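Before anything else, here is the set of structures, which you'll find just below.
Shared between the two complexes below is chain A, which pairs with chain B and chain C, respectively.
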Partner chain A sequence: MRAISLELYKLRHKRLFLMAMLFFTVEIVWIFMAVNVSISRNSDYAGWEMLIAIISSMNGLFLPILAAICVSRICDMEHKGNTMKLLLTASARRSSLYAAKYITASIIMLVVCFLQGIAIIAFGIANGFEQPVPLNLLTRFLIGTVLTNMTIIAVQQWISMSVKNQVFALTLGMIGGFIGMAADLFPFEVRRFFVWSYYTGLSPVTQSYTSEKIQFMIQDMNSLLPAMVILVVAGIGIYLTGSIHVSRQEV
Partner chain B sequence: MNQIISTYNLSKRYGKTYRVKNVNLTVNEGEIYGFLGPNGAGKSTTLKMILGLARPTEGKVTVFGKDLEANRPFILNQTGSLIESPSYYAHLTGLENMRVVQRLRNVPDKNVMEALKIVRLDKQKDKKVGQYSLGMKQRLGIAMALLSFPKLLVLDEPTNGLDPAGISEIRELIKSLPQRYEMTVLISSHLLSEIELMATSVGIINDGRMMFQGSMEELKNKNRPTIMLKTQNNKLAQELLFYKGFPSMQQDEFLVFENMTDEQVANANRTLVSANIDVVRIEERKKNLESIFMDITGKERSL
Partner chain C sequence: MLRRCISAEWMKLRHSHIWVILIILPVISVLIGSANFYMNQGVLKREWYSLWSQVGLFYGEFFFPILIAILCAYMWRLEHFNKNWNMIMASPVSATGIFLAKFIVVGVMLLFVQILFFILYFLGGKLAGLTSNLPGELTGWLFRGWIAALAISALQLALSMRIRSFAVPIGIGLCSAFIGLGMYVANLGMFFPHSLLAIGMGVLSQTGISARESILFIVMNMLYIFVIAAGAIYSMSKADVRV
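And then the complex of A and B:
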């Protein structure tokens, strides 16, 4: 807890939360504009399923980039000021430092996810969606997004901590965003190896084109469970490997 | 006297080359130990190993009589350090940087203010460190090292980037620490003049090897004058004087004698003249500390 509060203290004046909020606002405004256009063209689409499906696929583009930026800002301050030796000689432990940074980045991304959930509900109510708020779908959407975020944060943190030049980490984030957005175009066998594809992969609603029309299908929890387990195991593996690797690097 | 730091055959290898080789360094309680050496001699690597920032390839470090590997948190809690360039968060103010270390070290507020006052940053504490000059960053680094008023202070080239007034101020501060706060100070530098003015003990390292270790007095004692003597036949003169009890070494065109009194010089001269060996030069040469240092570390290396 002390390490996390220290991380938050060190982020003072960095305006990281403000940046994350701006990023979130841009994404949400973009999504809502796109959804409004779709609804005005075909009012049959007006429903929670469409909203969740579109947000999931847009998350594939936006959240990897946001995660890369957040993690990079959190890790880069140690590289810039050569502060690792300061922290380590003040008897901070490398593994707890790594964990504190991971949790801090996760908290920021978690806040963004919850805000998305609230924005979805607000948008649906404001647009007079007929069905009641689908709390079950929303919860599953949030779980999928949070798990994918946490795995991506583990990947980004490993790169941001081990390679001083943050261009690598940010480029990876952008490549991730591209893959995340185009994930549905890859065959399943290829797709499952990319962590960024799990925003849509774990989404409770999928889109499919049949007879030139988009259909939104709800996935049941059981069919998503194996992918979820794979993602969590991969995330833990990446986190531990990164933490051990960075701990062994000399200052 | 209690040994605060001792290293045993401390070595560090990067690839195939040893950056530090078999260094046995001993720092006693209450000392200001000057760790001297040219750039790249292995000073920072040695200090990093003493602080547990780098793992030794071979050898052992004990601090406060305890093995570093097994007692790292205990040792680091009582040690303040500044290694190489100062560490800081440029986006935070000086005071906030101090607070980061305060949280890690768990020390009271008054320490923060006192440490800032000691390095004269108390009036600049609310400025962002990114806007500090190099000298101010260095002072902040020293304040962070002093924050917990530790028993041991390890400073790696602390006067880098300071102007002459700043250097003398920091020097006076370091000199006062053992008495004022009962600290032991290990300070490294590539400038002999700097160490000469404050250290009580000295270690000289070159190419990763300890070339000299002892008190400042011992180092200064090497500062003895030598007599240089040139004759028409140096070889014969050397042999003759050796039998008379004046051993010498040949250096260029001179015979070099150490520890000779005026009387002995006159005596040697008389012996040579009576043996028909013409004496063409008798010179006294004094070595200053700089040239002793150069002798120890090798002249061809730049400092």
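And then the complex of A and C:
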């Protein structure tokens, strides 16, 4: 707990939350404009399913890049200030530092996810969606997004901590964003190997094009469970490998 | 003096492996764009133009602006380390020389990226089995894309100069890419550097732009480059360094 509060203390003048809010605002404004255009063209689309499906696919582009930026900011301050030596001589364990940074990045991304949930509800109510707020779908959407975020943070943190030059971490974030956005174009056998594709992969609503019309289908929770388990196992594996690798590196 | 500043910038980039990023990003955009074109040839029937719409959309709208942001952030990365700002400001070179040298080096690297993108686009089209001639507008798209990229570079260099963080200017760059897309859709594309890239490269509309629009495009880009560079140089000369 102390290590986490110290990480947050170190971030107090970094305006990282401001950056996350800027990203969140741009994404949500973009999505709501796209949804409004779709509804004005076809009022049948005015429903929660379309909103959740579009946010899931846009998250595939935005959140990997935001995760890369947040993690890079949190890790780079130790590289820039050369403070790792100081922290280690102050008897801080490397694994606790690694965990504190991971949890801090996860908290920031969690806040963004919750804000998305609130924004979805607000948009639906403001646009007079006929169905009641689908709390079940929203919870599943949030679980899928948070799990994917946490795995991506594990990947990014490994790179950001082990390679001083943050260019590579941010490039990976950008490539991840691109894969996340284009994930639905790949066959299932290919996309399941890319963690960035799970924003849409774990979304409770999927979209398909049949006879030039978009159809939104609700996914059964049981059908998503195997993918969730794979993702969680991959996330834990990446986190542990990263933590052990960074702990053994020379400072 | 400018020549020596430029050679110093090249020297700083020597072991940076930045070339990996310059190569990898166009390769990924062309690979995915070409694969999408190949799989949807039944719908995408305008041969090279359709291929351009597929590869150019991802590249011009997302990859290229972020590549520029990464490159510009990298150019100032060393200055933000340790006490290097004090050292560079105390060295016998002008602020103009420092900024222009970085701007020129970024410009040369972006030209290389554009040429690489053209080669990959050509190879992608040939591998997809396109036999017709290349579009006549292609040189214009690539050249105007480079000019707009220079305007974005000036903006990103100014941002990365002021913001110590490596990641934040890149985040701002991505947000700007989306704002630029919105301004392009709202027909205000000429008033934002990132929308100028979309117009110049013809990524959303492959119809060529008129001579009047071409002149306006060049003027707007030059204006952005001049105003932003002048502001950044002024700020570098007047503001105290933050270490």
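Heads up, the rule we're going with is that the second predicted complex is superposed on the first by the 251 of 251 C-alpha atoms of A that agree within 3 Å, B and C clash if a C-alpha of one lies under 4 Å from a C-alpha of the other, contacts with A are read in each partner's own complex, and residues count from 1 in each chain.
To be clear about the criterion, a residue touches a chain if its C-beta (ideal position, glycine included) is under 8 Å from a C-beta of that chain, and two chains touch if they have at least 3 such contacts.
Small disclaimer: the values here were computed from a predicted structure and weren't measured.
K.L.:
Decide which partner touches more residues of chain A, taking chain B and chain C as the two options.
P.N.:
Of chain B and chain C, C contacts more residues of chain A.
K.L.:
In the superposed arrangement, does A:91 touch chain B (first), chain C (second), both or neither?
P.N.:
In the superposition, A:91 contacts chain B only.
K.L.:
After superposition on the shared chain, which partner residues are touched by A:250: those of chain B (first), chain C (second), both, or neither?
P.N.:
In the superposition, A:250 contacts chain B only.
K.L.:
Per the contact definition in the header, classify A:80: touching chain B only (first), chain C only (second), both, or neither.
P.N.:
In the superposition, A:80 contacts both chain B and chain C.
K.L.:
Quick check on the superposed pair: does A:118 touch chain B, chain C, both, or neither? Answer first, second, both or neither.
P.N.:
In the superposition, A:118 contacts neither chain B nor chain C.
K.L.:
Applying the document's definition of touch, where does A:26 land relative to chain B and chain C: first, second, both, or neither?
P.N.:
second
K.L.:
For A:2, decide between first (touching chain B), second (touching chain C), both and neither.
P.N.:
It touches chain B, and chain C stays clear.
K.L.:
Going by the contact rule set out at the top, does A:233 touch chain B (first), chain C (second), both, or neither?
P.N.:
neither
K.L.:
For A:14, decide between first (touching chain B), second (touching chain C), both and neither.
P.N.:
Once the two structures are laid over each other on A, A:14 reaches both partners.
K.L.:
Both chain B and chain C touch chain A; at which residues?
P.N.:
On chain A, the residues that contact chain B in one structure and chain C in the other are 14, 80.
K.L.:
How about chain B: which of its residues touch chain A in the complex?
P.N.:
Within the complex, chain B contacts chain A at residues 48, 51-55, 72-73, 76-77, 79, 81, 83-92, 96, 99-101, 103-105, 128-129, 144.
K.L.:
Inside the complex, what are the residues of chain A that reach chain B?
P.N.:
Against chain B, the touching part of chain A is residues 2, 5-6, 9-10, 12-14, 77, 80-92, 250-251.
K.L.:
Give every residue of chain A touching chain C within the complex, in rising order.
P.N.:
Interface residues on chain A, with respect to chain C: 14-15, 19, 22-23, 26-27, 30, 33, 61, 65-66, 68-69, 72-73, 76, 80, 165-168, 170-171, 174-175, 177-178, 181-182, 185.
K.L.:
Which of the residues in chain C end up touching chain A in this complex?
P.N.:
16-18, 21, 24-25, 28-29, 32, 35-36, 58, 62-63, 66, 70, 73-74, 77, 80-81, 164-168, 170-172, 174-175, 178-179, 182
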